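Same chain, two partners: subunit A is paired with subunit B first, then with subunit C.
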Partner chain A sequence: MSIFEYNGSALVAMVGKNCFAIASDRRLGVQLQTIATDFQRIHKIHDKLYIGLSGLATDVQTLYQRLVFRHKLYQLREERDMKPETFASVVSAILYEKRFGPYLCQPVIAGLGDDDKPFICTMDSIGAKELAKDFVVAGTAAESLYGACESMYKPDMESDELFETVSQALLASVDRDCLSGWGGHVFVVTPTEVIEKTLKGRMD
Partner chain B sequence: MKLDTSGLESFTPFHGGGNDLCGGFSSVPSFELPSSTNFDDFQKKAMQMVKPAKGTTTLAFIFKEGVMVAADSRASMGGYISSQSVKKIIEINPYMLGTMAGGAADCQFWHRNLGIKCRLHELANKRRISVTGASKLLANILYSYRGMGLSVGTMIAGWDETGPGLYYVDSEGGRLKGTRFSVGSGSPYAYGVLDNGYRYDMSIEEAAELARRSIYHATFRDGASGGVASVYYVGPDGWKKLSGDDVGELHYKYYPVVPSSVEQEMTEVATS
Partner chain C sequence: MATKQQANWSPYDNNGGTCVAIAGADYCVIAADTRMSTGYSILTRDYSKISKLADKCVMASSGFQADVKALQKNLAARHLIYQHQHNKQMSCPAMAQLLSNTLYYKRFFPYYAFNVLGGLDNEGKGCVFTYDAVGSYERVGYSSQGSGSTLIMPVLDNQLKSPSPLLLPAVDAVTPLSESEAVDMVKDVFASAAERDIYTGDKVEIVIVNAGGIRREYTDLRKD
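Then we have the complex of A and B:
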């Protein structure tokens, strides 16, 4: 198994009508053995910007700490939050800095930009940005997620329908992957509120 | 006049004249080797292809009332789950069961072959074959294919004249008699629960619950085990399937969701 499959992960972000959803699984494993079922992969950068990191768990944690540090400095200097597009460029630059010894992570960034327009993007481990208008996926269950999202996605969904869609896509995909699953964690972010939910999934 | 025993011969194209020494058992079934320039490399690749497939959990134990056999039902290819509904407990005949761990094709084929041999033994000797005999037949066949890339980790469980019998047989040629076995990538987790809860004098329900719980715990911790936990019981009248519980539902039965109190207050999102 490759190093990206050492810990196992599943991440998906989807765009709705003036809102977005970002969801992950909760398993932390060491190859086939499950160590924890409450590992947090999605982190808040600011109220309208979330980043999910898939891949090697140690790099997930370290990269998140570095990004939070960069954002806090930015907030002190500019006296405002970073826009999601800007943040995506920062992440891309930080990843490319380590071009010949990369962080073994694939980030999924989701945020509300100007006029609360939802923004999602994903990157490979050396910072190649991939913007999408509908959904982005990452992790060991990525191929299953592509299939599930492609069939379940509709444009301009409201927040509760978006929550349902993202949850079903995530649970269906991780049920086909040995290395991810054991529950789910979903954030649905609208201009006025953040809904955080834990999903009851198959624990095998 | 020599009786025509060609019907008892297995599907070998050739068999030597030393059959009398073997007591009627013909030479080992074989097939032609594939032609390749580098046979050792081919063997190694064949073994590597099958190796990851030992992702499974199976267990069996002998107790006062008979033998309890249990297994999960997941088939995985590396990280991908190819099926959640594989039958890993193979019914060799109405009073003997075999478990599947390793290459699915290998296990299915050789268990069926063993079933054929057991039936032929019954017809030739007018009595059922013992579990000892059946497991020895399988072990000898697997030993003759040693090093050729078969991947079989099986337990033969049954009830014969001497009572309950349980043997572990694998594709390296090993054969062990025992009272408690677990095979597969999830076996360490299953052993933990099984060894802790095992007593010789359990009732059938208690033993079934122990087997079910052991499989459940293995599916929770092992990524390559999951699906449905099947439990079979082998008694003096043969085997009987006791239960097949979906492991996803078993989790919430053993550990029901307790609504937790809200720890974080809802805060107003700053609107700019």
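Then we have the complex of A and C:
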């Protein structure tokens, strides 16, 4: 079993009309045993920037702590929040620093940039960025998520339709992956509000 | 201590591709892409993975096409013998069992074939049987196998909402969709799979089995 599949995870971020959604599953496992059913994979960096981390859970937590530290330092020095594009570059640099002993994580970054334009990206464990205009996926359920998102996505969805689409894609995909599931966590972020919802799916 | 001897070649190859089947109330749709690949190369864009085993029974197989061809020939021969002995065509459930037994016969040097069998059962209702490489099978309302199956299955789950076979009384797994709706869904899922799976593309061959007989359609897919 690959070390990336040790804990199990599913992450997806999708772009809508002047908004974005980022969603994850809630399972934390140790190979076939489920340890927690409320594990948080998506974290807020600032009001308009969220990062989800899939992969080995210890690296997920350590990397998140390092990124929060970097962002707080940036806020003190620059007296403003980091733009999502900038943050993505910071994450990429931090991952590449460990090129020959990497963090075993795959991040998914989603934010609203200048003029509240939605920005999403993912990268591999050594920082290779993949920018997308529609959606990005990560985790053990990535292949299922690719299929589901490709079928269900359409451009310029409003926040409520985007929420429905992301939720259906996530639940359908994790139901075909034994290492992820136990519900879902969805954030839909618009320029004016953040909608955070927990999904109840198959609890297995 | 000497290390174990290992072969420097493999008898198997994976020619890629995806197969899907959906069962309806009085029809069955069986589809597969027409791309045959090896490694990162395309061998041909126009190869049929679908084979008609009996009047109301069609099989789609992805995996190693040499083994698939051998399997199809084997089943065709067995079907001919059955027709000589029983003076009738094999029904789909009967063929399903035969396929399972044929696959398990080679349990210790398997056919590298991932099969989906579709057709009409003895009552004229659509049926789909899904297999692994060594013959474990199950009757289901819909299924997909092959390189794009992990991309397609969640979408079929979401759209066709097949009830769990554990429910009592047993609930019919076939979809209430009409034939044209099912065909449209097949075209949609293949289009999505072709976007993200490099082994799926070129064309989809769609075979529809209903009371009137067997019909064939083709739709284009991404060629990259």
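Methods note: the second predicted complex is superposed on the first by the 204 of 204 C-alpha atoms of A that agree within 3 Å, B and C clash if a C-alpha of one lies under 4 Å from a C-alpha of the other, contacts with A are read in each partner's own complex, and residues count from 1 in each chain.
Throughout what follows, contacts are C-beta pairs under 8 Å (C-beta built on N, C-alpha and C of every residue); 3 or more make two chains touch, one makes a residue touch a chain.
Given the structure is predicted, the values throughout are model-derived calculations rather than measurements.
Novice: Taking the superposition on A as described, I'd like to know which of subunit B and subunit C A:Ser159 touches: first, second, both or neither.
Specialist: Neither subunit B nor subunit C is touched by A:Ser159.
Novice: Between subunit B and subunit C, whom does A:Tyr146 touch in the aligned arrangement: first, second, both, or neither?
Specialist: After superposition on chain A, A:Tyr146 lies in contact with subunit C alone.
Novice: Would you sort A:Asp175 into first (subunit B), second (subunit C), both or neither based on which partner it touches?
Specialist: A:Asp175: touches subunit B and subunit C.
Novice: Of the two partner chains, subunit B (first) and subunit C (second), which one does A:Ser24 touch, if any: first, second, both, or neither?
Specialist: Neither partner.
Novice: With the two structures laid over each other on chain A, which partner does A:Ser9 touch: subunit B (first), subunit C (second), both, or neither?
Specialist: A:Ser9: touches no partner chain.
Novice: Of the two partners subunit B and subunit C, indicate the one touching more residues belonging to subunit A.
Specialist: Of subunit B and subunit C, more residues of subunit A lie in contact with B.
Novice: Share the list of subunit A residues that count as touching for subunit B in one structure and for subunit C in the other.
Specialist: Residues 175-176 of subunit A touch both subunit B and subunit C.
Novice: Sort out for me which residues of subunit A touch subunit B in the complex.
Specialist: Where subunit A meets subunit B, its residues are 1, 5, 8, 29, 31-34, 47, 140, 175-179, 191-194, 200-204.
Novice: Where on subunit C is subunit A touching in the complex?
Specialist: Against subunit A, subunit C makes touches at 148, 150-155, 157-158, 188-189, 192-193, 195-196.
Novice: Give the list of subunit A residues in touch with subunit C in this complex.
Specialist: Going through subunit A, the ones touching subunit C are 143-148, 150-152, 168-169, 171-173, 175-176.
Novice: Where on subunit B is subunit A touching in the complex?
Specialist: Subunit B reaches subunit A through residues 55, 72, 74, 76, 78-81, 84, 185, 219-227, 247-248, 251-252, 257, 269-271.
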